[in-house]
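You will see chain A twice below: alongside chain B first, and alongside chain C after that.
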Partner chain A sequence: MSDDIAFWLAYLTNGKHLTWYASFQFTIFAALAGGALAVVFGLLGATFRNSRFAPLRLVGGFYASIVRGVPDVLFFLFFPLAFEQGMEWLLATQVCSPGDIAAQTAAWPPCQKANWLLGTPEYLILASVSLGLVYGAFASTVIHGALRSVPRGQLEAAQAFGLSARQVLWRVHIRQMWIYALPGLSNVWMLIVKATSLLSLLQIADIVLWADRLGAPNFLPTVGLVHDDWRWRYYLVLFVFYILVTLLSEKAFAAITRRVGRGVLSEEHN
Partner chain B sequence: MKSILLAALATLTLSTALQAQETVRIATEGAYAPWNFLDDSGAPAGFEIELGNAICAQAELTCEWVINDWDSIIPNLLAGNYDLILAGMSITDERRQSIDFTQNYFPPDPSRFVATAGAGLDFANLSGVRIGVQGGTIQASYAEQNYSAGNTIVAFTTADQAMADLAAGNLDTILADGAYLEPVVTASGGSIEFVGEEIMIGGGVGGGIRKDDAEFKSTIDGAITALKADGTVDELIAKWFEGRGPYFAE
Partner chain C sequence: MERILAELALFMPAVLFNIYFAAASIPVGFGLAILLALGKASRNPLLSRFCRGYIYAFRGSPLFIQFFMFYSLALSLNISLWKPWGISWFVLHPLFIGPLVLTLNTGAYTAEILYGALRAVPRGAIEAARAFGMSPWQQFRSVVWPTLIRLAWPAYTNEVVFLFHATAIVYFALPVIGQQKDLMITAKELFERDYNAFLHFSVAALFFLAVSLVVFFSFGLVYRRLMRHLPAQPGLRFAPKWMR
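Let's look at the complex of A and B:
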C-alpha cells in the first residue's frame, strides 16, 4: 500500500508532470493579461463610440460590431500570424538589401535578416493581445452601456461644481460607471478564462496540450509507465481547475463590486 | 518615434537572428515513440534525438530541440522557426515540392495495418470500415487514394490518439509505419495484431530542410554519411527498434 502511494507520488511528480503543473502559469498569465487588455480596449472602444469626432465614433462602432462577430479561434490564429508577418515586412523595408532579397528563395520572409523567431514568451504576449482585442469588443459594449447608465444628474452636478470635462469623465463618469459595468465584465472575464484553453493553437505547451500528452496511451516501457488512454482523467483535472477559477472569480467580483459601490448611488442603496 | 521603434525591433530581431546562426534548431514532434517522444523528465528522447545529437557532434554544431505539432511542422520550417526536422518523416515527392530532404537515415519501411485481435477484416474487399491514420502522413494520403470509397478515413493529430481510438473501439483498423506499430503490437500482449498486407510507400526517413539551405544540407548529409560509415546509425536503429538492421554497414 505504502509502496503504491510512493509510486504514484513519484509518478505524479516526475519531470513531465512538473512541466504540466508549471504550464498553468501560461494559462493564468494569458487570462490576467488578456483581461487587463480587454478592459483597456473596452474603455477605448466605448470612449470612441461616445466621441464627438465622427471618424472615431465609426472606429468604435466598427470594432464593437465586427470583432465581436469573428470566432475567437479564428482571430487567435489570424492575429499573431498577421502581426508577425506585418512586422517582418516592416523590418524588411529597413534591413533587406536588394542582394539579400535576391538570395532569398523561400516565399517568406523577404530576406533572412528580416526573419523574426517567435518563442513561447512572444506567442504568449500575442495570445494575450488577441484575447484582449476579441473580448475588448465585448467589454466595449458593456462599458458603453454602463457609461450611459450613470445618471445624467451626477454629470451635470459635477459640471456645476466647476470640474473640467476631463475631470468629469475620469472622476465622476468612469468612476461611477464600474458599478453598472461589473456584472457584464464578470461575464466577459469568464469568457476569457475559457478561451485560455486555446493557447496550444499557438505552439504554447499549455495545460491542455500537456493533459493530451500525459493522457495519451503508452505501450512502450522505454518511454515510461505503460497505460491505456488516460486523457479523461487529465481533462477532469482541467475541469476542476476551471471550476475553481470560476468560484474564485465570483468571490473576487463580489468583493470588487462592494468596493466600487461605496458612495455610489445605486438601486441597492435606494 | 517610428525610427526608434524600428531600430529597437531591428536590434531585437538581429540579435535573435545571430543566435539562430550559432545554434541549429531541430524540430521534432515528441509524440512518436520510439522515433521521438518526451521522456519522464519532459525532455525529448528517442532514436532521432540521439541521432540528431550525434549529427550535431559530428558536424560540430550546437543544437537545440524544438517540439512542434506534426501538422504544422513543415509550415513552421518554411517560416524559419527552426532549421531541420527530424520527426520520422518519410521522403516523398509530394513533400519534395515544398522542402528538401537529407539522405535517409532509416531505410524504406513497409506501412502496415493493425486491428484489435479477432476483428476479422476482409482486406480483399474492404468496405464500411473506419480506418485511422495520422493526418498529413504518407499513410493518410495512401488511405485516401485507395480506401476512401465505401470506407471512412479518420485523421488524427497524433498517432497515439489513433491508437487510443482503436483501443476504445471507435476504429476498425489503423494504417501506420511498421516501425512505429511493431513495438506497440509487441507490448499489447496480443490484444492488437497486424492484419492485411504490408504496403511499401515512401523513400525512407530523412531530415527536412528548407530548399534554400544548400550549404546546411551538405553539412548534415556529410555528417549522416560519416555516422552511417562508422556504424552509429545502425547501432542506434538496433537500440531503438528491437535489433533491426544493420542497414548501412559497408
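Let's look at the complex of A and C:
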C-alpha cells in the first residue's frame, strides 16, 4: 500500500509532470492579462459607441459586431499571425536590400533578415492581446449597457455639485457603472477562462499540450512508466480543473458584487 | 476579383462541414436540453441534482477540452469495445464524434436557457390550467410549452449561432481525414501555403458571418410566427448579447 503511494507520488512528481504543473502559469497569465485587456478594450469600445463624433460611434459599433460575428478561434489565430506578418513587413522595409528580396525564394518573409522568430513569451502576450480584443467586444456591449443603466439623477446631481464633465465621468458615471456591469463581466470572464484552453493552437506548450504528451501511450521502459493510452485521464483532470475555476470565479464574483453593491439600492436590500 | 472568386470556391465544400456539424447536433441537442431542463426543475432531488451537475459541468468547461476528453476516451475503449463490435470506423470518425460532443455541449447550454424560461412561465397560468382539471401532460403541452418556447427563442437563436461558431474548433481537436476539411482547417492550410493571412482568414470569417446572418434571419422568421398573436413585435436584431 505505502509502496503504491510512494510509486504514484514519484510518478506524479517526475520531470514531465512538474513541467505540466509549471505550464499552468501560461493559462493563468493569459486569463488574467486577457481579462484586464478585455476590460480596457471594453471601456474604449463603449466610449467610442457613446461618442458624439459619428465615425467613432461607427467604429465602436463595427468592432463590437464584427468581432462577435466571427468565431473566437478564428480571431484568436488570425490576430497573432497578422501582427507577426505586419511587423515583418515593417522590418522588411527597413532592412531588406533589393538583392535580398530577389534572393528570397519562399513566399514569406520578404527577405531572410526580416524574419521575426516568436518564442513562447511573445506568443503568450499576443494571445493575451487577442483574447482581450475578442472579449473586449463582448465587454464593450456589457459596459455600454451598464453606462446607460446608471440613474440619470446621479449624473445630474454630480453636475449640480459643480463637477466637470470629466469628473462626472470618472468619479460618478464609471464608478457606479460597475455594479450594473458585473453580472455581464462575470460572463465575459468565464468565456475568457474557457478560451485559455486554446493556447496550444499558438504553439505554446500549455496544459492541454502537456496533458496530451503525458497521456500518450508509452512502450519504452527507458522513457518512463510503461502505460497504454491515458490521455482521457489527463483530460479529465483538466475538465475538473476548469469546472473548479468556474466555481471559484462564481464565488469571487458574488463576493465582489456584494462589496461593490454596498449602499446601492436593489431588490435584495429592500 | 478573380482571386477572391476562386477563394470562395475553395471554401464552398469546407463550409458544408461546419453546417453539417451544426445541423447534426442542434435537433438532438434541443431534445436533450428539454429533458435536462425538465429534469433540473424536477422535484425528484436525485434527478434534479444530476441534471444541475451535468449542465454546470458542460457549461463550466471549455468545449475544446470536452472534444479531447471524449475523443481520447473513445480511443482508449477502442480495443475492448468498438473493435470487437466492428464499429470503430464509425465511433472514431470525426463526423460522428464531433456532433456527439457538440450535442452534449449545446444540450447543457440550451437546457440552461430553457430552464430560465421555464421558471419565468407565469404561475397563474399554470394554476388556472390546473383549476381547469388538466393533467400534468396537458398543462405542459398547452400552457407551459407555448410560453416557454416564446420566452426562450431569442436566447436560443444566439445559442444556435454560437454553436455554429463552435464548430470552428472541431478539427483542431479531431483528426482531419483526407479532404474532409472545415473552414478553419482550409484557411490554415491555405495560409501555410502562401502566408496570405488577410485573404484566407477574412474569407473564412465571411462564411461564418454569412451563415450566422442566415440563421438569424430564419430564426427571426420563426420568432415572428411564434409571436403572431401580439401586435408589432420588434424582430430579432443581429448581434445582441452573445453570452456563452
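Points to keep in mind about this one:
Definition applied: the second predicted complex is superposed on the first by the 262 of 270 C-alpha atoms of A that agree within 3 Å, B and C clash if a C-alpha of one lies under 4 Å from a C-alpha of the other, contacts with A are read in each partner's own complex, and residues count from 1 in each chain.
The working rule: contacts are C-beta pairs under 8 Å (C-beta built on N, C-alpha and C of every residue); 3 or more make two chains touch, one makes a residue touch a chain.
Being a predicted model, the structure only gives us computed values, none of them experimental.
Of the two partner chains placed around the shared chain by superposition, neither chain B nor chain C is touched by A:G153. In the superposed model, A:R213 makes contact with chain B only, not with chain C. Of the two partner chains, chain C is the only one touched by A:P71; chain B is not. By the touch criterion defined above, A:R231 lies against chain B and chain C together after alignment on the C-alpha atoms of chain A.
After overlaying the two complexes on the shared chain, residue contacts for A:Q112 are found with chain B alone; chain C is out of touch. Of the two partner chains placed by superposition, only chain B is touched by A:P221; chain C is not. Look at A:P121: by the touch rule set out above, it reaches neither chain B nor chain C. Taken together, the two complexes place residues 107-108, 212, 228-229, 231 of chain A in contact with chain B and also with chain C.
Against chain A, the residues of chain B that register as touching in their complex are 6, 9-10, 13-14, 16-17, 20, 30-31, 33-34, 37-43, 45, 67-69, 72, 76, 78-81, 158, 160-161, 163-164, 167-168, 183-184, 187-188, 210-212, 240. Here chain A touches chain C in the complex through residues 64-66, 68-74, 77-78, 81-82, 85, 107-108, 138, 141-142, 184, 187, 190-191, 194-198, 201, 208, 211-212, 215, 228-232, 235-236, 238-239, 242-243, 246-247, going by the rule given at the top. Touching chain A in their complex are the following residues of chain C: 56-57, 59-66, 68-69, 72-73, 75-76, 165-166, 168-169, 172, 184, 187-188, 191, 193-195, 197-198, 201, 204-205, 208-209, 212, 238-239, 241-244. Contacts from chain A toward chain B in the complex involve residues 14-16, 18-19, 87, 90-91, 94-95, 103-109, 112-118, 203, 205, 212-213, 216-224, 226, 228-229, 231.
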